[in-house]
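Written out below as structure tokens is the structure these notes cover.
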Amino acid sequence: MESAVSVQFERVARRFGAGSAGELVVLDGLDLAVEAGSFTVLLGPSGCGKSTLLRLAAGLDEPEQGRVRLTVDGTERSPVGGPTGFVFQEAHLLPWRTLAENVALPFELAGRPGGEDPARAVNEALERVGLGAFGARMPHELSGGMKMRGSLARALVCAPRLFLLDEPFGALDELTRLRLDDELRRLAKELRMTVLFVTHSIQEAAYLADRVIVFSPRPARVVGDFASPFAPVRREELRFSEPFARFVGSLHDALVRGGA
Amino acid sequence: MKRLVALVAPPLVALALLLGLWEGLVRALEVQAFLLPPPSAIARACVVHGSVLASGVVRTGTTAVAGFLLSATLGNAVAYVLGSSRVLERAFYPYTLFLQTVPIVTIAPLLVLWFGSGSTAVAVAAFIVSVFPVITGTLSGMRAVDPNLRDLFRLYGASRLAVLTKLEIPAALPQTVTGLRVASGLAVIGTIVGEFVAGFADEAPGLGIIVLSAYRQLKTDLLFAAVLGSSVLGLGLFAAVQTLGHRLLRRWHPSARS
Amino acid sequence: KGKREESPAAVGSKAEPTPFTLVLNWVPEPEFGGFYAAKASEAYAKEGLAVSIKPGGPGVPSLQMVAAGQAEAGITGADELLLAREQGADVVPVFAVYQHNPQAIMTKAERGAKSLAEVFAAGTVALEPGLPYAQFLKRKYGFEKVKVVPYDGGIARLSIEKDFAQQCYLTSEPLAAKRQGVATSVFPISDEGYDPYGAVVVVSRETWTKKRPLVEAFVRATRAGWQSYLKDPKAANEAMHALNKTMDLETFAGAAEAQHALVETHETEGDKLGTMTKARWEALRTTLTELGLVTKPTSFEGWPVD
Amino acid sequence: MKRLVALVAPPLVALALLLGLWEGLVRALEVQAFLLPPPSAIARACVVHGSVLASGVVRTGTTAVAGFLLSATLGNAVAYVLGSSRVLERAFYPYTLFLQTVPIVTIAPLLVLWFGSGSTAVAVAAFIVSVFPVITGTLSGMRAVDPNLRDLFRLYGASRLAVLTKLEIPAALPQTVTGLRVASGLAVIGTIVGEFVAGFADEAPGLGIIVLSAYRQLKTDLLFAAVLGSSVLGLGLFAAVQTLGHRLLRRWHPSARS
Amino acid sequence: MESAVSVQFERVARRFGAGSAGELVVLDGLDLAVEAGSFTVLLGPSGCGKSTLLRLAAGLDEPEQGRVRLTVDGTERSPVGGPTGFVFQEAHLLPWRTLAENVALPFELAGRPGGEDPARAVNEALERVGLGAFGARMPHELSGGMKMRGSLARALVCAPRLFLLDEPFGALDELTRLRLDDELRRLAKELRMTVLFVTHSIQEAAYLADRVIVFSPRPARVVGDFASPFAPVRREELRFSEPFARFVGSLHDALVRGGA
């Protein structure tokens, strides 16, 4: 099994300036280290810069100051082109491909990891997100939640080492969401992925995370950094337990104190 | 069946209206036939000169299709190359415009010298006249690709070639079809103009030559019949592009739905 | 195409006929009758030539094709030939169909114009821009009172506009106008002191020096062709009509008749059809020099002129 | 400053390369100047005939701009009308194609008969040649509007006019600009071809007349210089469209960003 | 004050057929009556037909069989063109307009209700969703959650009588979401709007609804119809109460029993 990726944000600054209405400082000297193999959840108010942070980690955006480093076993590697999975906030499926063809895209682009059968992997990924019967449909024939699940399958299909998810389950019904939460955490641990997961659900953060980082409103500062008090293997019952409620409470307080 | 009627009826009704108006006006105002012949006279000319016109349509049509295919392939190839690099686009795109602004009539004699007489030179003329819309259509389609989809491809370290073939070409397809639509008409016009200057009147004359000699002899009805032939050619080529485009886009693009 | 034109080996000659391409500057019409007659009557074949006649169109660069070696011979006007030489094309004339230039100015007869001076006193005249004789006329008459527009190849405007005049070919537009019921007054340019040879056969200097016998054989056969065409144009007209169906046989016959006087003059008496004189070339050179169109002196040394 | 260099350098370098290659080839192969003059000869012709060319550019340019503006306004107006109704589109769109497939050279003499010689007829010729890409560009832009946005407008009971002005026109703008880009070049070419037939051959002739007369006199260098003038006009008009388009689209369309 | 709208679905059937992979029966003879002035939440698994239902109510889609009727004080009216608000599952802002111009759109299209000042209404709507400072920005300069809030402001701006929301708060952070939940319910009651609210969050359903309808997977059937056990005015504390947990539990059970 390959080693996991760790991510370091070092005094990262990013502002959006050329816009139509003045400058907007989104990140201003942010420091953050994400351990290899950890499941880290980012929690923060809307518009604080969470998506921006993920884009920086994926190498899709560049910091104006500071830098973002990805390391595997102490050696640095480039963010782009490695097996990084990204589930965007919107589905962004290619409209001219069927769902299955969309899910197969990463294989075509990155080449497939040794010996695997792409068609089977695509099918498996679709089954995992409950879309096994929809592979032949075009994106415009799918409901909003189905599109989103499709994009999750696409990100999963080639077993990423670094997995970035930007509010992936916001458009799903609660039962599907709970199921996928469990599935995702299981997979992450099984494949030793490093996960950066953005969510706005405090419950979801508390349930999924090894570590929860809470941000202030823009410019995003870290106003809370919590190691999970729970055992690595999570079970449904956890959600209804007393310690869970307490953890949710402290995350909630951190958000409020941060000024959200 | 009903759908077919709904599809075919409106243009036919419009045609009948237009022709009726034309015939009526020409008769009412007693316009001399050599200035503007009535549709009935043009129809008569179509019959009288049927065989000449038919072979003209075939000859001009063959050349126009050749020129159009040249435009479609080379034009898109150029767009793909220029679309792959901002620097190349900046460097060469302005000069593709030259093709568009050079009056073909002036360089047709050169084409004859370079490509020999007859159909080859004429097809090249058709190509030059019709290639620019293909380039500019495809190029602006490529430039309009959703930046989020670009990000997706970058993320997976997609090669330039993969971005081109799997993202830009399909995303630009609707605009490529628009460009080809314009090019289809221009290819026919380019052929006719090419024939004016480079079309040799050996064997069966193309429509361009027929138009010219009809004009010289004041056979305005034959002239209009030949122009009609060229329009039919243009419409045919256009319909082919339309059908192909519809087939390619039907599964996903709003313009091809409903 | 070339293949189809090949005729069987010439009578009395065992050698394969030599291919020879003639490129016309217009579609098949009576001004090329003699060439088609020479072909039809096998005059070319008898000289051992397999002549392929390539009909032209309005922009066909016959002169350039000859200069670039794409055809052995081509048709052009004498003034055009000198202009081409000015631009560096080394071409040589070998035969002139028209002793008198067939170009003219025509206007409606009802206008009652007695001379070109009256024609240019008002209204509009359609002339091909850049035409040497247009410049000649401009210098002679001045175009201050007349509007100049490009010649469009037809006679539509003439037939409906009152004070309209246009360039024409003696053998073509006036006949067409007549058929439309429009009577015209026609003023030949040759009457105005500008009379270059028309429908001149040119070859490149290289062909002229290296393949002289071939060219001379071609000229002989062409002359024979023209003589037979002037006598009886019917067969050649039919051959041309097959290539140019837009002109009916009646018009072919009329035009063939009309050009007699231009082809046969006292200078061509005695089997000298197509002949050219140095004096007339020199006169043309002088005129063009005066017009500022020619600056480099062409010497007619070695040309087939008397 | 640096941005300006990055913008201007590539086309200049490309130009230098193209011209160098051309000059070199013409010299190496000893091509006769009246067949294909080297760039240096064309440059010389530009200087020698400077004043004629300049006034030709002005005259042709004015007419071309007029024709282009006609195309832009009428073409978009037609597209808006046809785009507002599938029935109207089916009935009349095929016939707008006629405009595209009618070789203008053939009907230019008729234009002269209807509009008289001079700028009006020439501008109409430019209009006819350049209007179709505008129609087809805008029309396909209107047909590609996001169906969800249409729903939004339907929901609020938007009038046909509101859908047109507030949804379809802005959504189609990128494709309208593409169409205008093609039209800009065609307007120039249409003007030149129009001048061939309907221009005035007076003291300040347009580029079309200059081209004709240069061709007649085998002054290929002057001919190329005039063609160059027409290309410069085309590029100028194109650049104007480009700038305007960029300005209109800059705030929201990906093609105008980065 | 105007009267509210009631909605009747009568044996409504809708299938999608011409698609690329066979026919899909989404609604098959559905009966449902929504009372005027009520706040009804629709709960159901992804892809079951909730969005389709809303589109039918808005008159954006037509049933193949049966019919959808809107009535005000007993008289029928047409769905389209009335002051109906619709928050789609995606934001669908016009990309060429600033946020404020987007929010002003309904005024321009439907004409403004007597005497109101559109500019003020737009500003108020933006403030309500927490985007007061972003009116001049273009959509592509906004984060995903901000776009969604913008589309909420657009739907609110002209005080709809019938308000349709399709998972409007899926992309928002939890605190914003809670705030907007309260705001929305307050407004709905104040203006006597009839609200049809699709969500996948059982908690949200329990908190907001006067009535919760639970659907089975496709084709959607009503598998649960619950009147809210709570008083009309809701307070934060409710979320942490015993009866709330019980109501959530019974909704959850209904979903599971429905086969989600």
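In this document, chain identifiers A, B, C, D and E correspond to the written order of the chains, with residue numbering beginning at 1 in each.
Going forward, contacts are C-beta pairs under 8 Å (C-beta built on N, C-alpha and C of every residue); 3 or more make two chains touch, one makes a residue touch a chain.
Note that the coordinates shown come from a computational prediction; the quantities given were computed from them, not determined experimentally.
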Set of chains whose contacts include both chain E and chain C: D
Interface ranked first by C-beta contact pairs: B-D
Inter-centroid spacing, chain C versus chain A (mean Cα positions, whole Å): 83
For chain C paired with chain D, centre-to-centre distance based on mean C-alpha positions, whole Å: 38
Where chain D and chain E are represented by their mean Cα positions, the distance between them in whole Å: 50
Inter-chain centre distance, chain A versus chain E - centres from mean C-alpha coordinates, in Å: 28
Junction residues of chain B, two or more chains touched: 35, 105, 109-110, 113, 146, 196, 208, 215, 251, 253
Where chain A touches two or more other chains at once, by residue number: 20, 90, 138
Multi-chain contact residues (two or more partners), chain C: 64, 68, 152, 154, 156, 160
In contact (per the touch rule at the top): chain pairs: A-B, A-E, B-C, B-D, C-D, D-E
Contact set on chain C toward chain D in their complex: 63-64, 67-68, 80, 83-84, 86-89, 124, 127-132, 147-150, 152, 154, 156-157, 160, 293
Partner chain C, residues of chain D touching it in the complex: 32-35, 108-110, 112-113, 117, 195-202, 205, 209-210, 212-220
Chain B - residues contacting chain A, complex: 146, 148-149, 151-159, 162, 166-167, 170-171, 173, 251-253
Chain D-facing residues of chain E, complex: 55, 58-60, 80-82, 84, 86, 88, 90, 92, 94-96, 105-106, 108-110, 138-140
Footprint of chain D on chain B - complex, ascending: 7, 10-11, 13-15, 18, 35-36, 87-88, 90-92, 94-95, 97-98, 100-107, 109-110, 113, 132-133, 136-137, 140, 143-147, 174-175, 177-178, 181-182, 185-186, 188-189, 192-193, 196, 208, 211, 215, 223, 226-227, 230-231, 233-235, 238, 253-255, 257
